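Labels run A, B, C and D following the written order; every chain starts at residue 1.
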Amino acid sequence: MNVEELQQIAAQAQEERDKFDYEVNVCMGTSCLSQHSDRIRDAIAKEAESCGKKCHVRRTGCMGPCAAGPMVLVEPAGTQYGHVREGDAKDIVSALGGDPVARLDPRLGSYFEGQHFVVLENVGHIDPEKVDEYVARGGYEALLKVLTEMTPAQVIEQISKSGLRGRGGGGYPTGLKWDTVAKVKGAQKYVICNGDEGDPGAFMDRSVLESDPQRVIEGMAIAAYAIGATKGYVYVRAEYPLAVQRLTVALREARRRGFLGNAICETTFSFDIDIRLGAGAFVCGEETALIASIEGKRGTPRPRPPYPAVSGLWGDPTLINNVETFANVPPIIRHGGEWFSSMGTARSKGTKVFALTGKIQRTGLVEVPMGMTLRQIIFGIGGGVPDGRKFKAVQTGGPSGGCLPEEHLDLSISYDALISAGSMMGSGGMIVMDDTSCMVSVARFFMEFCMTESCGKCVPCRAGTVQMYNLLTKICKGEATRRDLDQLTELCEVVGATSLCGLGQTAPNPVLSTLRYFRHEYLAHIDEKRCPAGVCECSPAVEVHA
Amino acid sequence: MPLYAERPPLPSEDKRWRIVNGTMRKHGYSRNALIETLHTVQSSFGYLDEPAIKFVVRSLRVPLSQAYGVVTFYHFFSLKPPGKHTCTVCTGTACYIKGAQKLVAEAEKRLHIRTGETTPDGEVSLATVRCVGDCGRAPVVLFDGELSAQMEAPRLAAQLERWTTQ
Amino acid sequence: MSAESNVRTLTIDGEEISARADQTILEAAREHKLAIPTLCHLDGLSEVGACRMCLVEVKGARRLLPACVTRVEEGMEVTTHNPKIDRYRTMILELFFAERNHICSICVANGNCELQSLALTLGMTHVEIPYQYPQLPVDASHPRFTVDHNRCVLCTRCVRVCSEIEGANTWGVMGRGAQSLVITDLKEPWGESETCTSCGKCVQVCPTGALFEKDRAGSKVRKQPDFLPYLRIMREGEQ
Amino acid sequence: MPRTIVIDPVTRLEGHGKITLQLDEAGIVQDATFHVTQLRGFEKFCEGRPFYEMPNITARICGICPVSHLVASSKACDAILAVRIPAVAADLRRVMNLAQLVQSHALSFFYLSSPDLLLGMDAPAEERSILHVAHTHPSIGADGVALRQFGQRIIELLAGKRIHPGWTVPGGVNEPLSAEKRDTILGMIPAAKAAIVRTLEWFRGCVEKFSAEIEVFANFPTLFMGLVDEHGLPEYYDGSLRIIDSEGNVIAGELNPAHYAEFIGEAVEPYTYMKFPYYKPLGYPGGTYRVGPLARLNLAERCDTPLADEAWRAFRAMSPRPLLSSFHYHYARLIEMLHAAEKIESLVANQAILDKHVRATALVNSLEGVGVAEAPRGTLIHHYKVDENGLITWANLVIATGHNNAAMNRGILQTARHYVQGENIAEGMLNRVEAVVRTFDPCLSCSTHALGRMPLAIELCAPDGSLIREVRRN
C-alpha cells in the first residue's frame, strides 16, 4: 500500500457513491438496533428498489441523539428523521428529492448547536464494517503519513504539541506517556486500547467502537509505530456484544487491506491487534488490573511504580490509552498538533465526547470543544430538565467523580476545573438529576457500586467501602447520628488516602462532593429523619430506592 | 491419574467441547488464554461447572485455585446453569436515576426470587448488569439478551408473565 | 557500573542513611532499625502492597507510598511516623478488626499474632468502626491443619508461599471485595485438595490464627516463618 | 391484700436473676419463683467451631470459675481424642482445679456471704459489703483477700495468668511445672492453711446464732450428688458419680459420668431459662438433688487429708444423717478449702509433678465426648458432638447451679414463707430470701451460659401482676 493505492481505494469508494442519487443512512448502534433499525434499513432498501430510485441504504453507527431513535439521515439533503418505524419506509423513499416527511422530524432543537466533531466526524456517514468507506473519508492517511514521512519521535512530537490528554479519566498527557514508553528499552512492547468502559452511565467508547472502529485501529497502529510496539490488544467489555462484533470485522478488514499485519504499507513496520474480552469487573479499567486480566488472571491492581510503561503486559513496556484517546490520534496526525491545540482551553485541548443522560430532555452522545459550560451542554444541547422539574445536580466522572449543583452550571469544562469543583472528567458520563433525586441515596448508589466492584486486595477499599455503604444506608434510613456523619467523613479521608488503586482512592468522591454541596440533605436525614427528595425509607413517601 | 501429565481428552462427545478446545488451540494452549477459554465455555454451555473448569485448567496447566479465583472474580462467569429465559435489569447510573430499582423490585416480586437467582422450575433467571451502554434510553432491561429500553414496570411484568405462563 | 553509583543517600525520619539502589524504603529502614509496621510483607515472599500498614510520607510525592514496594532514591525524605500516618494506620487496623471475627481471647494465636501486636504497638485500644460479624466457615478437613476464615486478613502470604516457595499453587483467592476468601483448589475442603503437599509452609507464614496446626491447637501457637529467606538462598545456590 | 414480691436484682451473686414472691390476701407467701431470664447461648454459638477451642470458649462463660470449665471441657476433648493423658497432666489439672476451688469458695464465703454472717441479716443494706467487713473485722477481711489470692496465684503460676488461662488443652496441659514454681506453691501452703483454720474456728463459734436461718434455709430432704473416687473419698477431677438420699443411703454407687444422660433428666419450667435436672429413676420433682460443697461432704466416706478429715468429722457430728439445711453450704465450703490446700500440698510435693511429658496428641478418634469435673459449686458436665473434622455439631453443658435449681426454688419458698409476712416487709426479711439463694453460691451467668454480667433483682407484685415494690440495689 502506498499513497496512490490509498487514493485509489478512496476514489473507488467515491465512485461507488456517485452511482447513487441519494444516501439513506440508518443508525444501527446498540440503541437503535434494539428497536430493529436493521428491519427499517431492509424496508427502505426494498422500497427504493421497487420505486427504481437510485438510493444507497447504509448501515451506520450511532448518530448521537439516542432518545430520538431509531434515527435515519438522508443525504445529500442532510434530513434527519427520528422515531422511525418499518412502516415509514415508503414515505421516506417517496420524499427523497422532495420535502421531508414532517411527522418524522426528530425535534432535536438545538441538539447539534455548539457540537464539534473530531472523534465522531464519521459517525452517521460510514458503514462501520466497511474499511473502504473509512478510507474514503480520509482514513489511514495518517498512518501512511507517519510510516512514510515521519520518525517515531516526530509522531510523538505532534501528539505532545496537540496537548491531547488521556480521555479515560486521569487526563495524563498522551504525548508524555508515549514518550516514556518509547524511551524504555525493550525488545517487545505492547499497545493496549482500554475499551473497558466501566463507568455506569457512560457509552462513548461503545459508540466509537460500534460506529468507527477503524479509527481506533489506526490510532493504535500510529501509537505502535511511535513507541516501537508490534502487538496490540483491545480490551472490550463483554457487555458490548455489538462493539465486539464490529471490531472483529474491522480487524479482519484492516488486515485484508494491509493496514495490520506484516510489513504494513510496504514498510518494515509490523503490527497486529487481538481482542480481549472483559468479563464484568469495573476495576479492570485500572491499568495494572487490565494487564492482569489480559494475562488471564484476576483483575487486581498492583502498586505502581513500576508503571506499565516500564513493566506492563508480561513485564514488557506497555502503552495503555483508552478508545477515545486513540480515536483522536488520526486527525491530529492528519491536521497537525497545532490544529488540535487550537481547540479547547489552556490546559485541556480538543474536544470531549459526553454521554448525556438522566433527567434531561434530549439524551444522547455529544461531542463538544473543551471549555464549553455545563449549562450550554445541559440546557442548550440537552434542552434542560423535562416534566417541569427543577435541575438539582449533574454527575460527572462516574463512581470516581462527583455531583455538581446549580451554582456550578457555568463552569467551563476542563480536567482541572472539574477537579477543583470536587468532581472529575472521568470517561465522559454526564448524568443530570432533578429535584426527585436524593443526593444521599445517590452517594449510596455509587458507594454500593464501589463496594461490589472493589477487588478486595487492599483493606481500606475492601472493608472501608462496606463501612461507608453501611453508614450511608443508616443515614438514608433516618437511623444515623451526627457521630455517624463524622465517622463517614473520617472514613472518606482514610480510604481516599490509603487505598492501593484509583478505585478506592476515588470511591469517597461521590460522598465528599455531595457532602460539600448538599450537606443540608444529609442533615435533614440525620436531624429531622426526613428525606427532602422523598426517596429514602425514612421519609413518609412510599417510594423506596434500595 | 497424574494431575497435569498430558492434555486431557475431551470430557464428552458433545461438539461444544471442540469449540472450547479450538479456542485453546488458537492460543497455543497458553496459560494466559484462561479467560478467553472460559468465555468460550460460558457462551457454549451457558455456565461453568466443575468438570468444565477442570478440563480447561488441565489443558492450559493453570492451577486449580487460580482458575477458581478467576471464575469467581468476574461477574460475567456463572457457576450455576441459567434459567431457560434470562431477565437482566441494567443498574447503571442513568438507569438508577430513572428508577431501575423499581424494575428490580417488580421482577423480584413477580418471580418470587431474588436477583441472581433462578425460579425453582428453571424457567427464568433474574440478573442485574452494570450498564449496557444504552443510557440515553434508560431504564434498560435485557430479555434473553435482547435490549428493551425506556422500560416500565407493567411492560416488564407482562414479559415475565409471557415467560412464566408458556 | 561502579559501586559508587549503586548507593543512595536518603533521610528517614530525619536520620540520614545510605542504601543500595535496589532496596526498598522498608528494607533500608529495617536495616537501620527504624520501625515501619507491616502485615502482608514477609521476608522471602514477593510484595503485594495490600495491607497499607507501611504507608509512609515521601516529600514531594502526591500520595502516601507503601514502603514495601517503593525503591529508595537519592535525596529522598521519608517520614514513617506522624500524627496523620498514625491515625490512618490505626483506622486501617480497626477496619481489619471490624471486618471479620477476630476474637483474640479464644484464638490459637493469642499472644503470637501479628495483627494483635500491631494493635498493641500502634496503641489501638478499641474499635469504633461497627463490627460486621460475617458468618464464615472453619475448614478442619485437613488431617494436620485448620483454616478459620474468621481470622483471615487476606494478606495472601499463604497464597504466595504456596506458589513461590512450595510451587504447589494450592492456595488462591476467590471472589472479590468483602466476599474474597482464600481457597484451596476449586474451593474444595482442604483435606480433599489434589495439590496440597501438606508441607505446612502456609501455616507458618500466616500472621494470625487463621491457619494453624491442629496438634498445637488450644493456645500458645508460635509461627516460624524465618525459613523463607533461607530456602530462597539455598535454592539459588543449587543453580 | 394479695400481692407479689419480686426481688430484682438479687445481690451478691454471680449473675442476674429475679425472685418473684406471690402473696395471698393475708400476706402469706403462696409461691416463690426464681427466674433466670437470659438466653442460654453458648451451646448455639459453639456450633461450627473446632472442638479444641471449646476449653477457651466455654471458659468465657464465667469470669469466676473459668478453670472449672477449662477442666471439664478439656476432659470432654480428651474423650474426643480418645487418649489417656499423661498422669502428670491430670495432676497438674487437679492442682489448678483445687486452686480454683479455694479462690471461688473464698469469694463466696468472704466477699458475698460474710457480711450477713458477721453483721447480721438485719444489718442496714448499705453496710452489708466486704468493704465494710474489712473495716469492722479487719483480720477476717484480710484472710478472705489472702485466700482468694492464694488460689489465683497458683493458677497464675501454672497457667501464666489468673483469668481465662489457656494452659489446659485437649490431651493435657501446655507447659510442665518448673521446680521454681513448685517451690513457690509449697511455700504458700502453710499460711493458707492457717487462715482457713482460723476462719473455721471463728465460724464454728458463731454458727449457733443462725439456728433460725438453719431451720428454714432450704432445710428439707433431697438427694445429693457428687464425684467420689473408688474408696468413696471426695474427688474433684475424676471418679464416678455417687447419689445418696436424705437418710445417707447410697442409692446409686458408681455411676459413669459419661453416661449422665441415662440417669439425669432436665425438666423445663416456663418462667426461667434455667433447666431443672433430676435423677431420672425418681422422676421430677421427686428426683431433685443438690450438688456442691454440702453434697460432697454429705456423700463422702471421709476426707483423705488430716486437717480436713478432722473438720469433716466435727461437721458430720452435727447430725446422724446428712445435713439437710443449705445454710451448711458455708461450713462445707470452709472444710473444702482446707481439704483443697492440703491436697495441693501433697500433689505438688510429689517429685513426679515436674515430669516434662504433659500432653498427648491425637486426631479426632471419637465423635462424641463427655467431660465431668467438680466445680466449686458442684458437678459440671460438658458434652460435645463433633463431625469427622472435629467441628462442634452439638454441645450440652450441665452446670452446677442448674443441678441445684429445683432445691433453690424450694428453698426460697421455704425461707420466704417463714420471714415474709403481712403488710410490713422489713428489708432484712428480703435479705434472707436473697441469702438463701446465696448459700448455694449460684452462678447465673454459668447457668444460662450467657456472656456478660447480669445482676439479680427482687420484685414485689400484686396478684393482678402489677408491681408493688422492687428491690434493686447497685
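Here is the rule we use: a residue touches a chain if its C-beta (ideal position, glycine included) is under 8 Å from a C-beta of that chain, and two chains touch if they have at least 3 such contacts.
None of the values given here were measured: they were computed from a predicted structure.
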Q.
By raw count of C-beta pairs in contact, what's the busiest chain pair here?
A. A-B
**Q.** Centre-of-Cα separation between chain D and chain C, whole angstrom
**A.** 46
Q) How big is the gap, in whole Å, between where the Cα atoms of chain A centre and where those of chain B centre? A) 25
(Q) Centroid of chain A to centroid of chain C, CA atoms only: how many Å? (A) 39
Q) With chain centres defined as C-alpha means, what is the inter-centre distance between chain B and chain D in Å? A) 61
Q | Shared-contact residues (touching 2 or more other chains) in chain A | A | 281, 298, 453, 455
Q) For chain C, what residues touch not just one other chain but two or more? A) 173, 175-176
Q) What are all the chain pairs that meet the touch criterion? A) A-B, A-C, B-C, C-D
**Q.** Contact footprint of chain C on chain B as seen in their complex
**A.** 3, 50, 53-54, 63-69, 72-73
Q | Complex interface listing, chain A residues touching chain C | A | 281, 283, 298, 302-303, 305, 451-460, 462-467, 470, 487, 490-491, 494, 497-500, 505
(Q) If we count contacts the way the header does, which residues on chain D are in touch with chain C in the complex? (A) 48-50, 52-53, 55-57, 60, 164, 166-167, 169-170, 174-175, 361, 363, 389-391
Q | Footprint of chain B on chain A - complex, ascending | A | 30-31, 34-35, 65-67, 69, 197-203, 206-207, 238-241, 276-282, 293-300, 314, 355-359, 363-365, 395, 398, 429, 431, 433, 437, 442, 445-446, 449, 453, 455, 544-546
Q: Would you pull the chain C residues touching chain D in the complex into a rising list?
A: 105-106, 108, 110, 137-141, 143, 146, 148, 191, 214-215, 217-220
